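Chain lettering (A, B and C) follows the sequence in which the chains are written, and residue indices restart at 1 in each chain.
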């Protein structure tokens, strides 16, 4: 009676309809297959009811836009007849102006092309190189001539040497500034004033960011306090047209302020003009200096009437010149005129031209040639370049980890004021290069797309109180 | 699905698709303006491809509901399911450019990873477990019918024991037995409606035997002689047959069972040995059924995770697609 | 007086003081009987070999102990005492012992009060046995539809066994078991209904107790309804066909034949029902019909290709033509008429016998019979039918009926003979011979000269060929099939052995007529030759194959016999049931595949039609609707009546019944219709409407395959590829 198994016996144990009966497994499968999608639907439904649209967000908004995270329609504009609700330029432009890039640009791109939202808390301004290179890799001008390199892919690929240090037309670039500063001289031990001790100047004694307080080590408070008649435009090189300066250098720590006489030079470069006076002349236009001298001497002679008797000083007898009489008695007016002329000759021909370029009637003032006493010279504009690279921004503040001369190496050797001491692209590229060990080298680091000076004032559609109340 | 060399074609094709899309992605990611994203043309292409793969993979479930439609062999569908389903993950990763994005997309991404992961787990299980089941449970039956077969086994064992020990006073599932009409499957569909048909079944019922059982030969032993068998059966074997999954059942381990049966055999007269051999056989079968159950659970329970999750994934994925195309 | 010398060969002895002379070798029992002394007995019957087991015929024969008279031969000068106190007391004890195990009153005693044991025990004054009853019940066997067996009532007298073996030569009965469990057994202890017993009733007639009784006696016979008129033996003897039949037999068979009256329109029998009786119409007319739709189950996707769900529907031949379908115009049924395919209705009248197959072979009813006018009919069980058919005049009448009404249809039903001229049919009607064969009887023997051609009329014929080491079944033929043509067309020698599987009737066409036929009708010849060729080729292939396959398991699982197997590679199969679902889907929600069965190597041989070369399912189909296409594929013809016999016969459980709801006439309310469930047998159709089996198509794991076992397993079977 051993048990035997035959196909038929085995088959007959099986209920033919077994596969229609639910087993716990099948039931659970069905139940879960309904439950989980139902839960998903419920979730969606709940979100719809709670008007929580943030879940559809493809990513976090940039910090600046965080307030819009739940307000999709703020940017995604419904257009008639179109299913898609893209973030339209008009939405961006309702809060931000986006001046065009360049009037000769061949292509206008949508905001979102470069400014990618929903990528997390990123800097929306940080457009990728590809955004730029889509035009700049093969740049074409829309009429007019092309002034720029036409195949730039990235900072390391195709970016030309900075224009400011680039040789143009066979000649080396020159600093247009007229202040005759010998950097090399100033970087060595140097006597402080005509009789002072030897001192070692630091870059920071003269150079500072605009917002930083001046280092007054070599300045003179008198000069700082004094008002001047010249304008900033006389000191600074006017910015060229067609430039795209950044609109955003708000802290004043990014760029170096122009070096001022009052804060950097005055303590050594004394503007004394006569032995009767300790003070110097104002650091101002010749007309002001002249008026100052006349006033000073007039006041002096009024206080010392005896000084109209002038005794010849043999040390001042010059060969080839008729000697002066031993004693001369002058009228106070004569005395003032004589002393003023003397002081002016000193100033124009020695003191001022040490740094400035002076000219009289188109001829430059020379130390060897006395100027006509009746004519006041003209001081050439200083033409100090504040922004060497008008198309790029540079933040000195961000680079304070380095010494100045680690980039501006020429400062130690330059003797001419025409020397351009801007570092070249290679200097930047030592750090700013692709790759993990290097600093960011994307275009946006230095360049900006929008032509900010052309921006218009915008009244934002959003403001905080309105957003707080859910309206606009 | 057994991973054998017949999968080579699919594996190769998948590898090519994967390699091609990886190359495509790398090129695209390096040149994308501004950055690779799901919304760009290439990103959308990856997204649509990935979602297409997912939908295709999910359609296997629908395909199984209509097995006779000539829509291509189920085998091809299964292979497509495996390989394209697997490919959907890199495709979607490319689509999202390895960003998980907002809440919805994060949820989707994790669900996709879980679905593909569970699918891989299942594929591995289904690759190995059939062989294990084939060797470990040679007496396997249809999973759904294990309960029924187990009842039949228990009744058979009851009969075997009663043929030796006399009535045990155990309750029998009479109704169940009558309903199943001795296992003559052909008449089953009618069993419910049989009342009116009266005469249909008797001849058939009379002629069919239950399960694998042979009609037990009746060899009654005295109470004293049969006591070891009786107590063994009532205290150990029947509880095992009734609740084979319960912990602490000695008979659930083959070595212990062998010992137990050997022990009982020495205490029984030789005439009852064949009945005992049958009982051992039954015990063995019950143990194998238990084993089959366990393996079956391993082989199929992951689906409880995989299928609902994939359905929810498809649903939310479609939602995401609509929303993403809209915004 | 005692001087008379005993003549040679005779023996003188004294019984109960009375001198008697009997032939030498006579038993004491017979000697006593011949001289008017009755010795009681249970186990001994005249004409049966004495066995001396009941010990009731104990006599004092001069020996040390009492002797059993039935087996004790007479000795010269023997003194026999049959009624001494010693004898009576011993006999009473024997009776007491027998009675202690006997369920008193037994079935026979309850019914007719003629249990021999109980009668004798009562006569001996035994009221209560002094001995303990046997503690184990030996059980009852009611599997036979004609005879009830109560093993507890059996006294092991062996009368039935001797009746079966010696008188009827059926050799079904024997002894089984030892001690308390000893008893009679059918074949190798099969239930009687499943044994080879032909229900001749001889055992029942022989039995002295209620161990073997007519089921009529035990209350399950046909005579339950009130309208049936039961005959007693005397009445039966008045009916002409029972003339000369043993009265005892008829007495025991009371209830096995009844006369029934059916009102016009009344149902006589219904197709598909199981039954065990035959009907003989005495008067009136009845209509034979098949109410199950004459159609086959067709599964298809409808007009719109794969987007429509597949449905199974019943379609007839006119709507859907299947390849190689047999274009029979008639449906063979269990009556003296055949039904027409187009309108399956025929009429039976007085003198017609129907239900013969059901009665003789226990096949389900093949058709529904309904009375047209008032009908009077005999309904009988097999043992009665047997007796009737042994009556020559009755036989002649039945045969004449057949010749007259069915032979032509039957012949023309074979497509090949459709062209026979009417005059030749007329000729055949007269010249053919109707032959009957009992189960197991050989019709032709391989190697014998071929001299005739056979057409199967009733029953199943097994065609087999001998090969070294065994017998190979080539085919099973049923009604409408023919055999014997190969021998006649070929070398004149039988190429195969044809054996009757059950009660078989064949139409025998003599060699001369056959030759005449094929000369006159060349198309018949061509057709026969073509089929003969095909059969021979198929046979040769199988023989070759058989000689090359070595593996036991392969053979024992019957895989050798299969032409196409659904195997599931268990190393790939995840047991997901996709195949079963696909099968159910392709077949109207009823699966024709069960994903369980035996394994061969790493393959599960699923339970799905194997298209056996030896299709046992076909044996017994009452309407011959299950058969094989020439491609050997098993096909179920349109007129399947859903009886389920094929499903029962299939050794592998591969055939199931598919229920359909159909609208039929309501028998209780004339003119109204009602919904009923009709069944059609279905088995795997290989999804022929879909090009590839759905199960295989739907397997996602490459596990299911439909294969030819021989090629598929060839490597495993050590054949390799020998091409």
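Things worth noting here:
FYI, a contact is a pair of C-beta atoms (placed from the backbone, for glycine too) under 8 Å apart; a residue touches a chain by one contact, two chains touch by 3 or more.
Only a predicted model underlies this, so the values are computations on that prediction, with no experimental measurement involved.
Counting C-beta pairs in contact, the pair that comes out ahead of the other among A-C and B-C is B-C.
Averaging the CA coordinates per chain and comparing them to the mean over all protein CA atoms picks out B as nearest. Centre-to-centre, using mean CA coordinates, chain A is 72 Å away from chain B. Annotation: 113 Å between the Cα-based centres of chain A and chain C.
Computed from the mean C-alpha positions, the centre of chain B lies at a distance of 44 Å from the centre of chain C. The set of chain A residues that touch two or more partner chains comprises 5-6, 9-14, 16, 19. For chain B, residues touching at least two other chains, in rising order: 141-145, 184-186, 189, 300. Shown for chain C are the residues that touch two or more other chains, namely 577, 581, 590, 594, 596, 653, 656.
Chain A meets chain B in the complex at residues 1-6, 9-19, 21, 23, 25, 28-29, 32-33, 35-37, 39-41, 44, 54-60, 72, 76, 83-87, 113-114, 116, 118-120, 127-128, 130-131, 134.
Contact residues of chain C toward chain A in the complex are 557-558, 577, 580-581, 584, 589-591, 594, 596-598, 605, 607, 650-654, 656. Those residues of chain A that touch chain C in the complex are listed here as 5-14, 16, 19-20.
Within the complex formed with chain A, the residues of chain B that make contact are 31-35, 37-39, 99, 101-105, 107, 139, 141-145, 148-149, 152, 180, 182-186, 188-189, 208-209, 211-217, 274-275, 277-278, 281-282, 297, 300-301, 303-304, 307-309, 311-312, 315-316, 319-320, 323-327.
Only residues 1-2, 6, 60, 64, 66-71, 73-75, 77-78, 81, 126, 129-131, 133-134, 138, 140-145, 184-187, 189-190, 193, 197, 199-200, 202-204, 206-207, 218, 220, 296, 299-300 of chain B touch chain C when the two sit together in their complex.
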